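One chain, chain A, appears in both complexes that follow, with chain B as partner in the first and chain C in the second.
Let's look at the complex of A and B:
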């Protein structure tokens, strides 16, 4: 048995999926950069960015619903931005007395908070579309193409490869525990053991998982050595860049650049 | 003409002092297909690691003790010849999840040729022919994790075939395979022309495929001869944890 749910890639026949991974990677980074550099409360720019990402979602065949469900991940970042409502000075919106303290919410603070929330929501959506429309090996190639060191890219690759193996291993351990977690037939006997005992079992499982991972890394290294690995990370040269790829990259970057200039010029 | 594999008085102990190989000597001629059998812990895997110079770990400065001389394809295995030795001996590990460490099948099969310093066209040619040899054409872009055990095993063999080795050393190739995948693997191995040393518990495979049999126990070679002859000696097999196939 093995698990597929960790792999975010969703296969569809769409122009977004077919686009060169390097173009997608750079444009996603540019989109996130544009979203984060756009000044606070530049609402029209946010709406345009949202329109862009929604169109890409529809074009990719993933569907808006799929991406929006996963973009709930951004909520945790939004929570971290909550205090700015009260820490930024400005026109008073309301006051909140907590014991001896009074928290004063300002209009400027609220604007900042909503901007941060929108920015992180947009960025997370872009990242989700990238991960769902690009196979991981192609993403690794794209990382190499934009100059991420080969060793780092190779480490990402190994991590991705063995994450699945490790999850499978953990599932097997848990299944083995579940298979032996029976209940006594005597009436009134309590099954499951004490909390401390169960904690000890869980600790043992974590330790055994660590040891297995450690031993596996040793065996992988030996397998690499036996095929000539000498500490240097080598890879084939990247495939050439097509005219269509170049064109979509230039068009995308130009559009995002315009949006950013527009935002900074009017609201900066 | 040199032997494919020449081992003279090889002994080896692990860092904990446990002796794994004791005075092993073995000669294998080019093109010979040899089985290496014996109970668990007999030292078979340790022995295979010596063929590739993985043990005794020369660079790691581990307190391992090894004596004797290993020569493959006329090359004495040592620090200076490691690169050539590893290109000459294709070692296929027991667990394909250890052997297949790259994101895609292509990357894995291309790994060996890339480290041999071949150019792009040659690497691609090697990958195509290695995948064809294990009858897995069209799998190049697949992700290793999503393959079945039998498919992984065949890809693992392709990862060393792409290095065009003179010797193929396989560790338990049929372990964990269903009968059909096992049969397909045996047919595949039969078609490969290179010198072969197969460590296994699968005596039916030995009988079908490997005319010479070496029995190892407690780090020593206890018998070496034609498979037909040794298979008849039920007592010998039983004494070393083996069972005659039906």
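Let's look at the complex of A and C:
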């Protein structure tokens, strides 16, 4: 079994997919940076940024539903920002008595909380569009183009290449455990043994996964040697930068820059 | 069965202020660049495929969970075991690879926040693991029990200290007040760390039985490790002391900012590093207890380490 479902790339024939990966990579980072720098409570800017990312989602053919569903998974972290509603002092919005304590929510606190949640939601959508519309080798090229050291890029490439193989191994280990140690099928039923015993089994599985990885890397090394590996990590030269790519990059950066200036000028 | 994208340690975009993100990006980039140089210099060409495949194994190993109770499960994060198997420099590269691919492909942690996540997991996680591991390993003097005790402690400390770093970053960004973020993150990860510790020991037990040569028991430490050891000690102490302090006196962060003259520049949103926290009438004894617990554990560990060192030196002199 091969775990292609892990790969978030979705093939579509869209202008977003066809765009140079370097342009997409830089624009995604610029979009996230813009969202991060946008002042608290600059609602029109947030709405414009949301309009931009929604249009890109529609243009890419991925569909808004797909991106929103995936972005919802990453949003549980928002709980971490919830306390600011009550800890920032300002105009009282409502009070919430909990036992002996009284929590006072402020308008300023709520504005900050909503801003953080929006920034996070916008950023994760941009990252999802990048990952879903760009093949990993192209992403790797983009990273090399922005100056990631070659050894690190080679690590990313190797990890990606063997990720699916090792996830397969891990799933085989889990299937073997499920078959042998009596996993309960009803909800709430305990699987066998004490917690320490279960932890030891899981640990043994992790150990054997690492051992298999060590042994596999020996075989990979020998295979690389037989193909002329001499310790130097080599990669294909980057493809030339087209005029269309340059234009989209400049237009995208200029637009995000304008949005940012607009936001800081009026709400900063 | 599927890879779960939500881990409390990976900070998404939007939660850190731009300044905190960029400063941590710079620190992480310098650390990773240095680690890359060291790996390139010290280790053979065989290391490249090994690191890549182990990064994949750590990613896949995060799927191997075990149920603890009531729907929660323990699973592996990997900084400690990578440090034990590969040494500190290669472990930094492996963890950098894992955390970056998680952020880039699976949106597990943000891209602008990636610098902070790398700092927490690849730099702090590895340095603290290495510090704990080598300290106790020396005391065990190559005996096998050392590997297991140390594996558990290294895993636990690396996760708890890394989570304190994450909590402080959130507090500095004004996203989550220190007296809530520190005990909450610390408390959750003190539990998660137990799971990590148990799995790490299980994995080390297996490897000790199957391939003891991989664990380098009793071998001399690689050159330059003293710097990592010191770095781990310093990071652990600073974070363990600073976060309860920040938590007990949340206004302390603001005081520091004032002393540094940050507040003058903090008027614009671009430099809004430290916002105003005020805690009207919240007397959180439960949180204070958790913080006291963290401090207690750190003190106990320090005392134990000191006593053990004294014990160790006596026969040699």
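Rule of thumb we're sticking to: the second predicted complex is superposed on the first by the 228 of 268 C-alpha atoms of A that agree within 3 Å, B and C clash if a C-alpha of one lies under 4 Å from a C-alpha of the other, contacts with A are read in each partner's own complex, and residues count from 1 in each chain.
We take it that a residue touches a chain if its C-beta (ideal position, glycine included) is under 8 Å from a C-beta of that chain, and two chains touch if they have at least 3 such contacts.
Everything quoted here is computed from the prediction, not taken from an experiment.
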Message: So in the superposed three-chain picture, is A:67 touching just chain B, just chain C, both, or none of them (first/second/both/neither)?
response: neither
Query: In the superposed model, does chain B or chain C contact more residues of chain A?
result: C
Query: Of the two partner chains, chain B (first) and chain C (second), which one does A:234 touch, if any: first, second, both, or neither?
result: first
- prompt: Which of the two partners, first being chain B and second being chain C, lies in contact with A:137: first, second, both, or neither?
  reply: first
Message: Between chain B and chain C, whom does A:160 touch in the aligned arrangement: first, second, both, or neither?
response: both
Field: Which of chain B and chain C A:216 touches, first, second, both or neither
entry: both
Task: Name the contact category of A:224: first (chain B only), second (chain C only), both, or neither.
output: both
Partner chain in contact with A:85 - chain B first, chain C second, else both or neither: neither
- prompt: Once the shared chain is lined up, is A:259 touching chain B (first), chain C (second), both, or neither of them?
  reply: neither
Message: Taking the superposition on A as described, I'd like to know which of chain B and chain C A:101 touches: first, second, both or neither.
response: second
Statement: Overlap of chain B and chain C contacts on chain A, residues 136, 157-158, 160-162, 165, 216, 220, 224, 229-230
Message: Applying the document's contact rule, which stretches of chain C touch chain A when the two form their complex?
response: 1, 3, 5-6, 8, 11-18, 21, 32-33, 36, 39-40, 44-46, 48-57, 59-61, 63-69, 74-76, 81, 85, 93-94, 96-98, 100-101, 103-108, 110-112, 170, 174-177, 180-181, 184, 195, 198-207, 210-211, 214, 268-270, 275-283
Message: Quick check on the complex: what are the chain B residues that touch chain A?
response: 49, 52, 54, 83, 86-87, 89, 91, 93, 95, 97-104, 107, 110-112, 114-116, 120, 123, 143-146, 159-160, 163
Statement: In the complex, chain A touches chain B at residues 2, 4, 135-137, 140, 157-158, 160-162, 164-165, 216, 219-220, 222-230, 234-237
Task: Name, in rising order, each residue of chain A that touches chain C in their complex.
output: 6-8, 28-29, 32-33, 35-37, 39-40, 70-71, 73-77, 80-81, 83-84, 87-89, 101-104, 112, 116-124, 127-128, 130-131, 136, 139, 149, 151-152, 154-163, 165-167, 169-171, 173-174, 190-191, 195-196, 198-214, 216-217, 220-221, 224, 229-231, 233, 264, 267-268
